[in-house]
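Per-chain numbering from 1; labels A, B, C and D assigned in written order.
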Amino acid sequence: MPAGLYRALLTFAGAVAAIVLAIAISSVAIIAAGASPGDAFAAFFNFGATDRTLATGLAAMINRAVPLFIAGLAVAVGFRMNLFNIGVEGQYRLAAICAAYVGTVFVGPSWLQITVIILVAMVVGGLYALIPALMKTGRGVSEVISTIMLNFIAINIASFLVRGPFAGQRAEGQLANTTQTLPQSAWFPNLNWIFGAFGLPAPRGGGLWGFLLVAVVLGVVLWVVLERTRFGFDIKASGLNATAAVASGVNAKKMVISAMVLSGAIAGLIGLPEILGDKHAFNSGFTPGLGYLGIAVALLGRNKPVGIAIAALLFGFLDRAQGPLQIAGLPSSVIVIMQGTIVLLVVIANEITGRIAVRREERYAARQLGRNTPVEVGA
Amino acid sequence: MSADTLATAKPAVELEGITKRFPGVVANHDIRITVEPGTVHAIVGENGAGKSTLMKILYGMQKPDEGTIKVNGAEVSFRTPSDAIGVGIGMVHQHFMLADNFTVLENIILGAEPKNVGFLDISAARRRITDLAGAHGLRVDPDRRVEDLGVGDRQRVEILKVLYRGARILILDEPTAVLVPQEVEELFQNLRELKSEGLTVIFISHKLDEVLDIADAITVIRRGTTVASVSPSEVTARRLAELMVGSELPTPETRESTVTEKVAVRVSHLTMDAEGHRTVLPKGVSAEGYAGTLRAEGRRLLLDDVSFDIHEGEILGVAGVEGNGQSELIEAIMGLRPAIGGIELNGADISSWSTLRRRESGIGYVPEDRHRQGLLLEGSLWENRVLGHQTRRPSKSGIFINRRAAKADTERIVKDYDVRTPGIDTLALALSGGNQQKLIVGREMSGEPKFLIAAHPTRGVDVGAQAAIWDHLRNARAAGLAVLLISADLDELIGLSDTLRVIYRGRLVAGLDPSDVTPEQLGGYMTGAIAGTEET
Amino acid sequence: MTRLSKYHLALIGFAVLILLMSLIRIVTGYDDITSSGTFAAALGLAVPIGLAGLGGLWAERAGVVNIGLEGMMVLGTWFAGWAGYQWGFMAALLAGLIAGALGGLLHAIATVSFGVDHIISGVAINLLGPGITRFLSETFYKEGTSAAAAGAGLTTSPGMSSQAPEASLPLLSSGPDLLGMLENTHIFLLSDLAGILRGLTHDVNVLVIVAVLMLPLTFFVLWYTAFGLRLRSAGENPWAAESLGVNVLRIKYVAVVISGAFAGLGGVFLVFITSKYVEGQTTGRGFIGLAAMIFGNWRPGGLAAGAALFGYADGLQQRNSGAVTSFFLFGAVLLLIYIGVKMRGMLGSNQPAELVTRASREYTLMAGAAVGAVVLVWLWLTVDKLPNEFVFITPHVLTLLVLLVASQNLRMPAADGVRYRRGEQH
Amino acid sequence: ACGGSGGGTTASEAPSSAGASSEAPKSALKVGLAFDVGGRGDKSFNDAAYVGLEKAKTDLGAEIKDLSPSSDGSNRGELLRQLADAGYNPVIGVGFLYDNDIKTVAAEYPEIQFAVVDSLSSGPNVTGLQFAEEQGSYLAGVVAANKAKNGHVGFVGGVEMDLIKKFEAGFVAGVKSVKKDAKIDVAYISADPAIGFKAPDKGKVAADKMFQDGAEIVYHAAGDSGTGVFQAAAAAGKKAIGVDSDQRETIKDAKLQPVIMTSMLKRVDVGVFEFVKAFQGGAKGGNNVVYDLKVDGVGLATTGGEIDDLKDKLDAAKKDIVDGKITVPSKP
């Protein structure tokens, strides 16, 4: 079996084993809580009785996965070169409010307006990520610390902006702070026709967010960039062995800055699916915490676009069950426990399978070369 | 000396049928060695023969799969190094095992700390170390930080660590690899003294002259098995080498000159300040003048007004004790560390260029430490081929990496340089050190470089691979390549170089003709024992 | 620089700081800059950060990065609340400690035994902590349980059945309260000192005293005992330690478990203040503790300074959002001092090379500092009250600024965050 | 006990009745409620809503179901849909953060009646349940001003946002109505709801400062952070005013209870119950119901009897407000 295929299979097996083990651990927790794991797992697959509820549930799951996927990508860009951008959280919030605001100020043809909104989000996210990058390259400040601090700062700035300069009109008595609602031209068309193609009715709500397409394109582009281009090679080399990368001519500072800014620019997109596809404004109910979840998703997906997609869908699948679990009278926080244990176990499994693969490769290499096969020496 | 006690005393160490398997590799197979007390017992064998593994077993760091160990006649079974330390065994490892940020004292007492009502008894430790150091002539300042020490001092700290634990059996795994002849002689003096005090020394080295010089008995290991036990009085270095590999020793002899008139590389007044960050000189100040000013100010200069030319077809060897500026010199030329002064390649001033641009313009670089600077251990061989050539054909096409071409070229290197590997998708970490080194040399030689910086190109590489690498260097030189060779192996330096320079405290202190210099002379310049005079 | 002069320098710096604070109090009229109330608040806010930082210190000195402090702290809060309402504050302390330690154990298993990347494992633990505690609340505090009857809910535990005692200095900060009297005189420097002292000694929770004592204790254990030497060696060069018979794996386990225990203790402290568990009450303090530790160059003293800075800024902004503007003045004064020191240095030195090589860079720096000072003074004069959002971020911004200035002199343990496996040289 | 009453039947019944539930007969009253972040058991806002829901169960024989959103609140809309699909009608969202989601979901399920607490009606089948927090806070201000001999009082808000500012505005107006020159300290804890309502230690710092400066009574609208305000009051030997529910009852800590002079009640339970009752009576949405002093949707708790002496003054103030003689501002 070729080494690459073997490694892939082993990784997959490890992930499956980790998930099974995580399910077992969660089952114990569920039993300890006095409920039946069987009911719980039934709830995970309970998508309601009708085709409509099925479509709605699927859309909810995918819609949850889209921002998680983007967040995972953003985090992964840095992680691949051991750059820990914990600041995705702050970057996307700041980007989201700025994009939502610009979307109300600049009105144009739909395609242009949406493009502008996307660009603004990426620029704001990238610029905010530039701060920790410069602090690292210029003054050696650990990005882990600076980005954590900058998250607190970004959250406050965003809340200032939505309360003050970027605040939109509100009805008397409406308490949620919000930007102006985006004009229809900035609403991203949904993808409900996909359900039609499978003979399902359109899901309810915002439907399947059209931003999914952007995310898919982003994933493919990022895969190409990371796996096939020189820039991707430099990132990989910096991650595997930073000193060797520098000795080979990679400009370490430039890499830190470009990877961080790229990560921030992608992070800028995290909030857009929700804003363009559903809420059409940045308001108090804007989903927080996706940056932190993105870290978990990236880890689960081993910093690779395909893995991240799978991990995001898994998280989306688990999160969707919040309602069904409660309707069945079960503690829904078991979901978070499952997510946490899966991440931890998958990471441990990665470690173990990685070691097995290396061992095998070494053994294979040694066998091929016949090194140190004992020679018989006459006594 | 202790000849009469030998008859009655039990062997200090007896290894019986030791076997150790690693995944896919039998590192040791049925090893039998008997070490008499109060002797220096040398163990020789080519790279990967299993010497270090065997010593780690004796020191409790690895568990043997089979076999028995007897120390002073009693059978022992070690689980950890502390068990070995407990029966009086100490080991100085092939690579330094020191915490740089600790003081000498802290490094020495670690794991055997003197205590006074629960607290460290620093003053007792200091007294003990000073006594020990005095008694064995191992001078070190216990309160200095290890990071500030040179290699010779570090080696002494390593030996003190062992003596501090009251070891009666010392294992020294290649202690001389980083020392110059004078330091080696000093070390041997210490060893003889220890021996006269009744201590037993197990000594590993690739330098067979040294082995013959110091050892009372020699054991040869080949492919994990003991193949011979000889007495140094009965063998020559050549015979030993044949026992080790079963073939003739290659030599780096190279006399017919290929040096041309054309200057390929010109380094002028290269100066590096220990604290400075500046890379651009102020207007109107020459590098030479600047160096003078800094010197007058009493600054510590890592490189002090270094100038030399290398012609096409010339190998310039730079000798020096590690830590005298060799690393800084090559890193400055590669643009990895800022320095002031001129660096020209074929007439173009490259001193302000980025590392990448320097590489693109035809500089090859075989780094000192292949694991740190040369390889992506967790990357495949072909990815390692791309490293440093991301922006050049055949590895690139546009903004993309040309995987197919890179793989094809890796196949070429594997073939031409005899890299022993099951395939080019193998991870680099699966290769032995020598094969990794051949891959690096092959990579750096590809793309027809004009100038090659080769730092310790054969360090830790066994004799067969050594010869292959030397051949490649010679061939490239004949084709007009300029080479800056830095090596701790003086035979290699003398044998390969067309011109020799000695670096001492950041200065080039001597220019020597390799055809009439001995390693001892060279060592004299390197340690500053002979004052340098610029010749050539 | 010798040890002694370093020590003296710190003392002088400290004195100058207090002098400056006193001056600025007089100039701006914000008594809260040195009031006992501010310092009491600062102490209270600094303690959980400091405890988390100590947790980080223990782990990182042994070579294990612990970004999971936050999650371990969360575990500490829940179990402290749970044990506290049933058996009182001692039980709360123990339970929180043990819960944090168990979090540490999990981190140790993942990183030390399985070689998982330290950051990754920490992130997973931060995910798990809140998940587990929410689950426990859902299970133990649900309607119908006796805990619920006693006031528990999904997001809170019942109140603790007994409180940790508090202590004050007799005479000085309690009873006649001499310091308090002195503070109220508002005399330059004198009342400031009194305020600071009183704030740090009035009605101090025992856990605060314990936490503060942990700093010198940590210092002594890590730097003056054999165990400490071994622990630090695991963070500097575990292979060397291993080769000398030190059981590096065990040391790392112990260190990370202690690290978790400290984080848990930080959680206990929060519960003590609240006298019950409140979901989410850690609010990122584990991370800030980590920052304080890096800020403090992986040393207890520095870490205390980092925690104190954060606690002070947080306490001041919480008590008096207007007083935050005096940081502008403070910054301006510091910049002016910097310029002054530099000028003296430049005028005093007549070494040409110094001038030639450094001058342009130095001038740029000084010009920047001057511009900065002017801007800050202008801000101080014009800004009357900042929007609250900008007040809330004061401690974070200050931490970033100080890191910007200090970070290049920081030195982390050489093998911090490095995967270590027995018998394998890296 | 979580859902124990309704769970058994829901599991088997819900899917089959999902489609046809819109025309459910009144005897099969099924009320669904989705909480704000924090969920049931928060001893505050959400629990108040639950009390109303339970009352609907006991008094009206409703079958009830309550769901809590995930900790980031990303699934508010889904919860509403899941309730609607499971046959619940009416469906209630607790908290103004539901306004957007209720609007979209209500449009998708025109046959189902919705209500949103703390926000406005956004469709013909949506009832906005609003509370005049400023009016209740006004009374709290009257109490504080009358009880504080030196005329120095304080207000601690958990999160700087419009909802909490309503409390502040009412309180300040109430204090000023009694003592024009009163000194009123105002502090907010954070801009981030994830911190502001959950930081009792910071609540204590803010209140400590006010008490040290001489404030006699501090009113809080800071969720769990309010505990810190009570502690500060207890330590200073001063008084505090609670919020939302009768905190002298719900705070079980014997040391803190005596400092809680009164609490400003926000009767979310009444709002929820009345809405369900009206629904049963056939009422349709499209309007806002304001729970103010007139309908006792807000008010003061009298547990402990500490404000009994102010009964007349409070009644007078209340009457003035109800009669429209006084308009309490809802913005500071």
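The definition used in the following text is that a residue touches a chain if its C-beta (ideal position, glycine included) is under 8 Å from a C-beta of that chain, and two chains touch if they have at least 3 such contacts.
On a predicted model such as this, the values are computed, not experimentally measured, just so you know.
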| item | value |
| --- | --- |
| Both-way neighbours, i.e. chains that touch chain D and touch chain B | A, C |
| Chain at maximum distance from chain B, centres defined as averaged CA atoms | D |
| Pair of chains joined by more contacts [C-beta pairs], B-C or A-B | A-B |
| Separation of chain B from chain C, taking each centre as the mean of its C-alpha atoms, in whole Å | 44 |
| Rounded Å distance between chain C and chain D, as computed from the means of their C-alpha atoms | 36 |
| Chain C: positions in contact with at least two other chains | 130, 134, 138, 284, 389, 392 |
| Multi-partner residues of chain A (at least 2 other chains) | 156, 159-160, 163, 331-332, 335-336 |
| In chain D, residues with contacts to at least two other chains | 2, 68, 71, 160, 191-192, 194 |
| Chains touching one another, given as label pairs in label order | A-B, A-C, A-D, B-C, C-D |
| Interface residues, chain D side, partner chain A - complex | 2-4, 7, 10-11, 14-16, 18-19, 65-79, 81-83, 85-86, 96-101, 104-105, 108, 118-120, 128, 130, 160-163, 166, 191-192, 194, 288 |
| Of chain C, residues touching chain D in the complex | 32, 35, 37, 40-41, 44-45, 130, 134, 137-138, 141-144, 148, 150-156, 158-159, 163, 203, 270, 273-276, 278-281, 283-284, 314-315, 318-321, 388-389, 392 |
| Residues of chain C defined as touching chain A within the complex | 67, 106, 110, 114-117, 119-121, 123-128, 130-132, 134-135, 138-139, 284, 287-288, 290-291, 294-295, 387, 389-390, 392-393, 396-397, 399-400, 403-404, 407-408, 410 |
| In the complex with chain C, residue positions of chain A that touch it | 29, 32-34, 84, 135, 139-142, 144-146, 148-150, 152-153, 156-157, 159-160, 163-164, 292, 295-296, 299, 331-337, 339-341, 343-344, 347-348, 351-352, 355 |
| Sites on chain B touched by chain C in the complex | 56, 59, 61-62, 80-85, 91, 93, 95, 97-102, 106-107, 109-113, 115, 118-120, 161, 165, 276, 278, 282, 285, 290, 293-294, 296-297 |
